[in-house]
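One chain, chain A, links the two complexes that follow: it is found with chain B in the first and with chain C in the second.
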Partner chain A sequence: MKVVRIRDFSETPGPRAREEGPFSGEEFLETVFRSAYLKAKEERETLLVDLDGTEGYATSFLEATFGGLAREFEATDILKTLSFKSDDEPFLINEIKGYIFEARNAPRK
Partner chain B sequence: MSKKLYSTEKWKEYIKTRQEAERRNAVRHRKGPKFTGTRAQKQQALRKRQYQTVQAPSVFSIVNNTNDAMQFFTTLELYSSRYNINLDLSQVQTLTTDAIAALIATAQRLDAVVRGNLPNNPGAQKMLLESGFFKYVSSTQPLPSTPRGTIEQKANTIVSPATAKTLVHFGTKAIFGTSQRNRPSYSTLIECMANTKGHAAGRTNPNSRSPKPSETWWATVYADAGKKKICFTFVDTGVGIFRSIRIRTVRKIYDFFGGKDDTDILRDMLDGKVPSSTTLSFRGKGLPYMKRLARANRISSLVIVANDVYANVSLNKFMRLRNSFHGTLVYWEV
Partner chain C sequence: MTLACVVVFVLADRGWQNFSINHELDPVNILTLGVNVFIAFAIQYYFAARATEDRAEKDILLDNLRDVFEMLRSCRDEVMGAYGTSKKVTKETERKIIKLYRNLANALDNLQTALDMSGCKALVKEFDQVSKRFYEYKIAGTGKLPRAYDADDIGYHDRTYRALNKELHSLTFKINKHHV
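Let's look at the complex of A and B:
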């Protein structure tokens, strides 16, 4: 199992897009998450996303990260590959799954 | 001007008409600068203006005394188009940080010199001094030296996670003795900042190459040791939720299908039924998330004031305001 800890990217996750401010979901997706996902998928491993240890999350950061990934790749593949750890805010896991499902219907990039 | 005069119906009607005219002027103003001189010339012209005194209500609180506070801000806007402003805060008996944050944000936006005095009430005076209000508004009287208090104020134009962290940790340290995380407040601050960055500056020409104008936001945290609560206020003096282009279109549709007003639109936005001003379906999740945080009691006393709508989301109380607020204010406690 591979692990991505969002706190390693930043303890203070920011907004949706780079232009809005630092540590955005877009930046996280492009610099860390997309490649980690692709590698895990290629090696048929589970990618554990550890959401703990940060100051908190705006919905826009989470949507840009997980919804953003689902606008590029198959949502069913994503849900098969990812697992989540969120002891600080367990409800976030359902929020994120919701973003992935919703993004299935959104136009692809 | 006496308080009695501007509580009459005639005055209220007059203010309402003027306010609409001011709003139209403001929209026109956005299309190009009215004053074509240099900055120094503009400052010189401003200094020559006469001062008009505007008295703040005795309970100066947007959250607790919304209509009187809005009346005050409307009067301020009205006079600022012709006069410099003398804020008379001497009669203020009760002062809350949401009003201070809104007053600073408004004073910074107005095209007038704004100065003010201290409330006579010791509690209100202490709060005003501790808020750092006089860093932004000049004083008409000598000020006593004030130690760093229980209020922290920050301003910016972009989403600033570091500022959100600073505010949250300042509040938790003052109340709990140790600096701690408060994830709901951090999330709400980032949502508000993103909303201001994305929408508050209003319409931009899609063909224009110039960058989208940025609106300044102001965030305040107040550690209320008596109530053991941390009070957050976020203010921007942008176009406000109901003047954003997309919502204006939504309002026309609501009007057409049954005469719903802005309170209904805000209700639906909080329920996630109105897409965001970007028209992308995956956006516009900030307000519903804040409502869920309030419903789950992870934040309390969530109040949103935007244009002519007051919403106490925690109490599910929505009302139309007689006077519009120029922008958006979000208040909550933990």
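Let's look at the complex of A and C:
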């Protein structure tokens, strides 16, 4: 199992897009998350996304990261590959799954 | 009432209205009476104790709901306070709003856990709608951060606030009326 800890990227995850401020969801997706996802998928491993240890997440960050990934790749593959850990805020997991499902019908890049 | 009974018994004993009282004691009848009295008391104590326990459980759930309402209002007040102040929500305010939404999410999680463990477990299914409304409310409050809220955003935020508030009130009354 591979692990991505969002706190290693930032303890204060930021906005949706790079131009809106530092540590955005877009930046996280492009610099960390997409490659980690692709590697885990290629190696048929589970990628654990550890959401703990940050100050909290705005919807904008979560949607840009997880919705963004679902706009590029199949939502079903994403949900098969990812698992989540969120002891600090258990409600986040369903919220994220919601963004992945909502984004799955969006046109892919 | 007791006096009236005594008077009727005395009069009946004296043959009033052709009544009569048999003074022989039937052990079977006495035993039956004893068992009936015992059952009546046992049932009374059982239901009284159970009603007290149910009420205590409901009070815990209602306390949790009170916390949720408080967090819900805090989120609304913070977002309202950030409206119209500048072109961009300050970093400090943004962090405060995100933290308040986290507190609200965790208060809802506590409530869901308590509901699931309580005698009102059947009401857990009501929580799907509450969660849905919460996610809409969070999107309205943090979906555009750090961009400043405009009038449309505030209107949407207010609508989602009222929708979640309504769901929570409905849940409150259902918990209060629920028979375990």
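Just so it is clear, the second predicted complex is superposed on the first by the 109 of 109 C-alpha atoms of A that agree within 3 Å, B and C clash if a C-alpha of one lies under 4 Å from a C-alpha of the other, contacts with A are read in each partner's own complex, and residues count from 1 in each chain.
Here, contacts are C-beta pairs under 8 Å (C-beta built on N, C-alpha and C of every residue); 3 or more make two chains touch, one makes a residue touch a chain.
Keep in mind it's a predicted model, so treat the numbers as computed, not measured.
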First (chain B), second (chain C), both or neither: which does A:Pro90 touch? second
Look at A:Thr12 in the shared chain and tell me whether it touches chain B only, chain C only, both, or neither; answer first, second, both or neither.
both
Practice problem: Please indicate which partner A:Glu102 is in contact with in the superposed arrangement: first for chain B, second for chain C, both, or neither. | Solution: first
Query = So, A:Glu55: does it touch chain B (first), chain C (second), both, or neither?
reply = both
Review point. In the superposed arrangement, which partner chain does A:Glu26 touch: chain B (first), chain C (second), both, or neither?
Key: neither
Winner on chain A touched-residue count between chain B and chain C: chain B
Chain A residues where the chain B and chain C footprints coincide 12, 14-16, 20-21, 55-60, 63, 88-89
Contacts from chain A onto chain C in the complex sit at residues 12, 14-16, 20-21, 55-60, 63, 88-92, 94-95, 98
Within their complex, chain C touches chain A through residues 94-95, 97-99, 101-102, 105-106, 108-109, 131, 134-135, 138-139, 141-147
Per the touch rule, the chain B residues reaching chain A in their complex are 158-162, 164-165, 168, 181-187, 190-191, 193-194, 197-198, 280-283, 285-286, 289
In the complex, chain A touches chain B at residues 10-16, 20-24, 54-61, 63, 67, 88-89, 99, 102-103, 105-106
